[in-house]
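Below you'll find the structures, each written out as structure tokens.
Below, chain A partners chain B and then partners chain C, in two separate complexes.
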Partner chain A sequence: MAEAAEQALRARVGVLEAESAARGAEIDRLERELRKRDGDVDGFMREKHVAYVLDFWRKEKETKDTLEMLSIEHIRVQGVFWAFGSLQILSAQDKVNTEEIVAWALKCQDKTSAGFAGNVGHDTNVINTQFAVYVLAQCGALDKIDADAVAAYVAARQQPDGSFADEWSGEKDTRYTCCALFCLQILGRLEVVDLAGAVRYVLSCRNAADGGFGQVPHAESHAAFTYTALGALKVAGHELPADEADELAWWLAERQCDSGGLNGRPEKQADVCYSFWALTCLKMLGRIDWIDRDRLCKFILECQDEDAGGIADRPGNVSDLFHTFFGLCGLELLHSIATPAQISPVLALPMSVLPPHASLC
Partner chain B sequence: MMETAARELAHVLRSQQTTLDEFGLVALAGEEDLGEAKKVFFTDGDGGSKLGVDLGSGAALYRAARTLYETGNKEEESTQDMAKVVLLLSADYETVWNVRKMYLGKRNNVEELLDEIRFTDLVLSKHYKSAPTWVHRHWALQQILGQHLNKEQGHDEGEDNIGSKRQSLDDRNRDERTKENRLQRDTILQHELEICQRVAASYYRCYNAWSYRAEILGYFDAHNSMEDRKALHHERLRLRSWFVRHVSDHSAMNQMLCVLRALGNPPDALEAEITLASRLAVRYPGHEALWRYKRGLVYSLLQRCSEESAPIHIVAHLCSGPLASLELDLSLVDSMAEADLNIELTQSNHDPWADSGDCARFAQILQDELTLALVCASDHTCARSEEQRRCALGYVMHVLRSSFRVSGRAIPSYLATWLRRLPHARAGPLNPANDSLLAAWAEAVSASLEHIAQLS
Partner chain C sequence: MHGRKQKDRALAEAEDPAKKAARAAKYAKLRSLLHTALECRAAHDTSDATMTLCGELLCINPSINTLWNVRRDGLLARIRAAGEKDETAAQALREDLCKQELELNRHALVKGNVKSHEGWSHRAWIVEVLGEDGSCINVDRELMLCDQLLAADERNFHCFQYRRVLARIAKHGPDDDLRFAEGLVERNFSNYSAWHLRIKALEARPDHLRAADLEEEFGLVCNALFTEPDDSSGWMYHRWLVGQLQPRSALDDEVDRRRILQDQVATCTELNEMEGGESKWALLGLCRLYELGLRHYADLDVLPPGTSAGSLCAALKSCDPGHAVYYHHLEAKLTSMK
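Moving on to the complex of A and B:
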């Protein structure tokens, strides 16, 4: 009798939680609607950001005169993703030639293994393969690659312990796993790998004392690696038990600093990139209201580079593409800017470019 | 024109590889047209030699080196030397690291692999954050330990004797080699920890360095090797003296948790570290790092405890007894703040706790910990008191939650719903809502203590 009563209570809790999730989604949708009506939050420098990204695009092609520019050549595919992603959020993607991007991205593919490199003539790895597939998705050109071949390349990187590794060094961490699964999710080929093994490896990187995830087992919990871990789990269809989700959300909420910005680890300075990584983890856990959204929005706006455009890591610093992209993603998740490009909290791509099989929450 | 400078750099890298310990790009303000020879600077000092490159010429020099490298025969030593110049200037260039791996892998020579590790020392002195450099270093280390030093090595208390008691000359030679390998292995691993410490000192909280440092602990075997126990003990001392002076360095504290784990989480060591952490947390109020570290330590302790008895019973007993009648006496904070930080390190193999399964001792530590946290949570007078109170309340809740978890019990709803009061937790010192929030937390904590008391 008591057992039946308890079951009834649990069932009732389940129903209420489902209702509350549905209401959350509805509030999300309405807030986006309202934002489209009201326009961007005050102080958002839309035009400057568009100009900044386009300027970077042009300069990167024409001149390579500093060591900084030269030393990011090998991850150009990531730079292209951040730049094009920024333009999509800013609704300015029409200003660049996607044919050119697609042609270049395809040249980064190794014809033998089907993996991608970060630039033409470089070595392949899972991370750059994911970014190349992302760039092709952004440009609506996924049909230009052989999905089975790319998926086979990714699958070949999986290790007996379930992790994914770099083919040159054998190095493995949550990031390789995340990139592998995100890539397969976009390609609709998750079934070619051992998902249970991948989940097992990711969970081995969880720190039981704070609920966060590190790069490798026992490494310090870190908001970016928590994103890679949680994203991988989400794609693999693994939900954390409620008390572990609470633990993690608690740790994530404590990333908010007095400045309103989020840091990546205890007692580090706030940095704009965590306005996506930590925030989107809270979003995935359905606990985005555990931080003060208004103050985070204010922090991101303060990180805008008034002179050059773009967004910096913190107020007063010089902007860069990486922080511009993640700052914009953060503002989109907060519903602070008017954009048709709703960003997937898991995959960090606009929902509109995701193939139907790939759209997660 | 820059080619000469690139070749000079390659030459210095080769001829001075054993002494070079620092590389940097040097801004030569106001000096122009120095000629090519002056692009590369080399000083040979007592503490090791330093290599510098003119910052203004960096890009041109890099381009020249890359062309020389790309057009060269990858099997030739001179091209491989040029690869090092490229990497020194652009350490994230993974493809070039991979070419080095193939080259070294083919030659399979332990001395060359050790030189490669030394080369990454130099690269990390400038590009400490470079993930591909750390990855390459890890690869070289694995080659050395896996393929060269491990082949004939048994543990000093190992199980390798294959039955025969007669030792042939071959066997004795092998033992000698094993000993040498063992020594070399110990030196290498020590060096890895030292490099990580060097990076930690010049670049605060470098994640790649700390994450690598945690992985290095995986090569130690405290269970079977006295030498490894010593090495771990040494790391423990190094970490302690570091974070006593850097009380917000949570990375170092996480590494301490890893060291203790590698040692098997002996309760007496956990107890000593908890005492030290508590004294620091009171002396330097409001540091999330210290309270997080305390959470990690107490979690490890509770896990040890669960082997003997259920922590939840101990906690329930405390809540119904000593904590229920607790007087929040702030003088406890004062006496803790003045307490000595030199807490003796125990390193005996014998675990004084193991014999008795000493529940009373667990109970005493938990009682002291919860008492101190509850006092800190009510202390409005210390510096950063809001932060301190928040950290302390969070700590109490963590101990309560953890004691359910490690006892294999579901976390009760009053400990879960409390978390839902988190919104705007970090509202900041200027927010008037903060005080009432902390008051609500404090209420939730005392309600939870009362609930748990009923379990006993």
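Moving on to the complex of A and C:
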């Protein structure tokens, strides 16, 4: 009897949760509609951001070196992902030549292993392979690679404990797992790896004390690694139990600082990049309203670089592509800017570029 | 590119042309050196000159993993070559190379970027692979370096992770971690990384979580909470400790656990009153204690007279309106549990 009652209760909770998810999706759609009608939130410097991002390619052409260009030279594939992704959110992606991007990205592939490097002449790893596949997806050029070969490269990086590792240093953490699964998700090849093992590894990085995830087992919870962990779990089809999801969502909501911005760990300063990582985790958990959205939006706007365009880590600092992309993603998730590019909260790619088999929430 | 100030950019732009040209020349030089190093990588060249070039570039940017890969290959090749002639000499060389590589890597981290993933993962590689799981390394020296770097940045999670590798090799037990965490907490209560370490050490020692131990832990953290009632670090630890108050049949100390639960309700109530009834963290602490009571000590009246889930959550909404939706959810949860 008690068992039947419990089952009935669980079924009821399931129905209510499904209803609430459907309502959330409808609110999402309506807010987007309203935003399209109203235009960008006041103070958003759309044109300056477009000019700043386009500068990335102009400076390269004119070989105008800057500290930023040099510091991301070895992970240019990530730089291109941030830059092109920013333009997609700003509806200005037609201002760059995708043929050139695709031709260059293909040159980053190692012909033997089929893995990708961060730039031509560098060594491959799973992280840059994921970003190269992302860039090709952004440009609608996934048909230019042999998906089976790339998937085999990724699968070969999986370790006996279910994690994925760098083939040179042996380093393994939730980032490698996340990048491996995201890459396979885009390629439609999740079945080539041991998903249960990957999930087991990710869960071993969870901290029962606060519900968050660290980079490796026993490491302190961190909002960025929590994103990699939660994203990997989503792709693997693993849902956290309701009480664990609640605990995590509370910890994520506590990342909001007095400034309105989100930080990555307790008692650290806010940084724009968590406006995507922590916020999108709340979105994945269906709890985006557990923070004050208006104050977060205000913080991201305050981080805009009025002179150069782009978005910085915090107010008064110099902008860069990384924070520009994650700041724009944050504003998109908050429905603060008018954009046709709805960003997947899990994969951080516009829904429109995802192959049908890859779309997630 | 974290932390560059706009005013510094303005200053750089106002610099005289000669300085600007010098900077541009430096960047161009770096780009061309990187290009040379990559050509060496393509040619599998791990000569002394190439190793030096990669080392110099890594001291500017320790995140260029390909350059660490050159050095990894070069170091292993040298030991292999020596081993073909003389095993003893090869072992001596291995120890030597470990020492030198640790020094170069320290330099790269400290001068280049002390938060570089690739830099730190190379350091772990030196210890675990090149140093044959620490047998060719002075682990105490490395532990001391961690102390130094954590003194400069007590939240550097890369350093904590590296230290965990060392602790495994040095066969540190939970008690060593407890002592280490206690030292860090004593230096600064507001160091959640240290509280986290303490949680992990105690989780590895469930026999340390008897009522008497918990009482001692509450004493330690309450000391921090009375000093800094707004600091979330200690409160996160407190939150975890409250969870440990659930009954454990094997320990036969339920009476003491109930008493501690009520003591903590009194402590949080006092802290909240000290802050004019608006201490977010003390209120959250009371909610947590109440939840634990409902779950495990249903016969106990945990909350003081006149206090309820509704009144606690109303106070929370008023002092922390940004999280109002969560407090609404919390109130519904607590009410439904009752």
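One rule holds for everything that comes next: the second predicted complex is superposed on the first by the 346 of 361 C-alpha atoms of A that agree within 3 Å, B and C clash if a C-alpha of one lies under 4 Å from a C-alpha of the other, contacts with A are read in each partner's own complex, and residues count from 1 in each chain.
The rule is simple: a contact is a pair of C-beta atoms (placed from the backbone, for glycine too) under 8 Å apart; a residue touches a chain by one contact, two chains touch by 3 or more.
Note that this is a predicted model, so its numbers are computed, not measured.
Enquirer: Fit or clash for chain B plus chain C once both are placed on chain A?
Expert: On the superposed model, which is not a single observed complex, chain B and chain C clash.
Enquirer: Is A:257 in contact with chain B, with chain C, with both, or with neither (first, second, both, neither)?
Expert: first
Enquirer: After superposition on the shared chain, which partner residues are touched by A:351: those of chain B (first), chain C (second), both, or neither?
Expert: neither
Enquirer: Taking the superposition on A as described, I'd like to know which of chain B and chain C A:74 touches: first, second, both or neither.
Expert: After superposing on A, A:74 lies in contact with both chain B and chain C.
Enquirer: Who does A:123 touch here: chain B (first), chain C (second), both, or neither?
Expert: After superposition on chain A, A:123 lies in contact with both partners, chain B and chain C.
Enquirer: Does chain B (first) or chain C (second) touch A:170, or do both, or does neither?
Expert: both
Enquirer: Examine A:268 and indicate which partner it touches, taking first as chain B and second as chain C; both and neither are also allowed.
Expert: both
Enquirer: With the two structures laid over each other on chain A, which partner does A:245 touch: chain B (first), chain C (second), both, or neither?
Expert: neither
Enquirer: Name the contact category of A:220: first (chain B only), second (chain C only), both, or neither.
Expert: In the superposition, A:220 contacts both chain B and chain C.
Enquirer: Could you point to the stretch of chain B, among 113-121, 167-175 or 347-355, that collides with chain C in the superposition?
Expert: 113-121
Enquirer: Both chain B and chain C touch chain A; at which residues?
Expert: Overlap of chain B and chain C footprints on chain A: residues 65-67, 70-71, 74-75, 117, 121-123, 125, 166, 168-171, 207-210, 214-216, 218-222, 246, 249-250, 253-254, 256, 265-268, 289-292, 295.
Enquirer: Under the touch definition given earlier, write down the residues of chain C that touch chain A in their complex.
Expert: 1-9, 24, 27-28, 30-31, 34-35, 38-39, 41-42, 61, 63-66, 68-69, 72, 117-118, 121-122, 124-125, 128-129, 155, 157, 160-161, 164, 190, 192-193, 196, 199-200, 203, 231-233, 236, 239-240, 243, 321-323, 325-326, 329, 333
Enquirer: Show me the residue ranges of chain A that touch chain B in the complex, using the header's touch definition.
Expert: 64-67, 69-72, 74-75, 117-118, 121-123, 125, 166, 168-171, 207-210, 214-216, 218-222, 242-243, 246-247, 249-250, 253-254, 256-258, 260, 265-268, 289-292, 295
Enquirer: Where on chain B is chain A touching in the complex?
Expert: 25, 58-59, 62-63, 89-95, 97-98, 101, 135-136, 138-139, 142, 205, 207, 210-211, 214-215, 217, 248-251, 254, 257-258, 261, 287-289, 292, 295-296, 299-300, 394, 401-402, 405, 410-411, 416, 419, 422-429
Enquirer: Could you pull out which chain A residues touch chain C in their complex?
Expert: Touching chain C from chain A are residues 65-68, 70-71, 73-75, 117, 121-123, 125, 166, 168-171, 207-210, 214-216, 218-222, 246, 249-250, 253-254, 256, 265-268, 271, 287, 289-292, 295, 305, 307-308, 312-313, 316-318, 320, 322-323.
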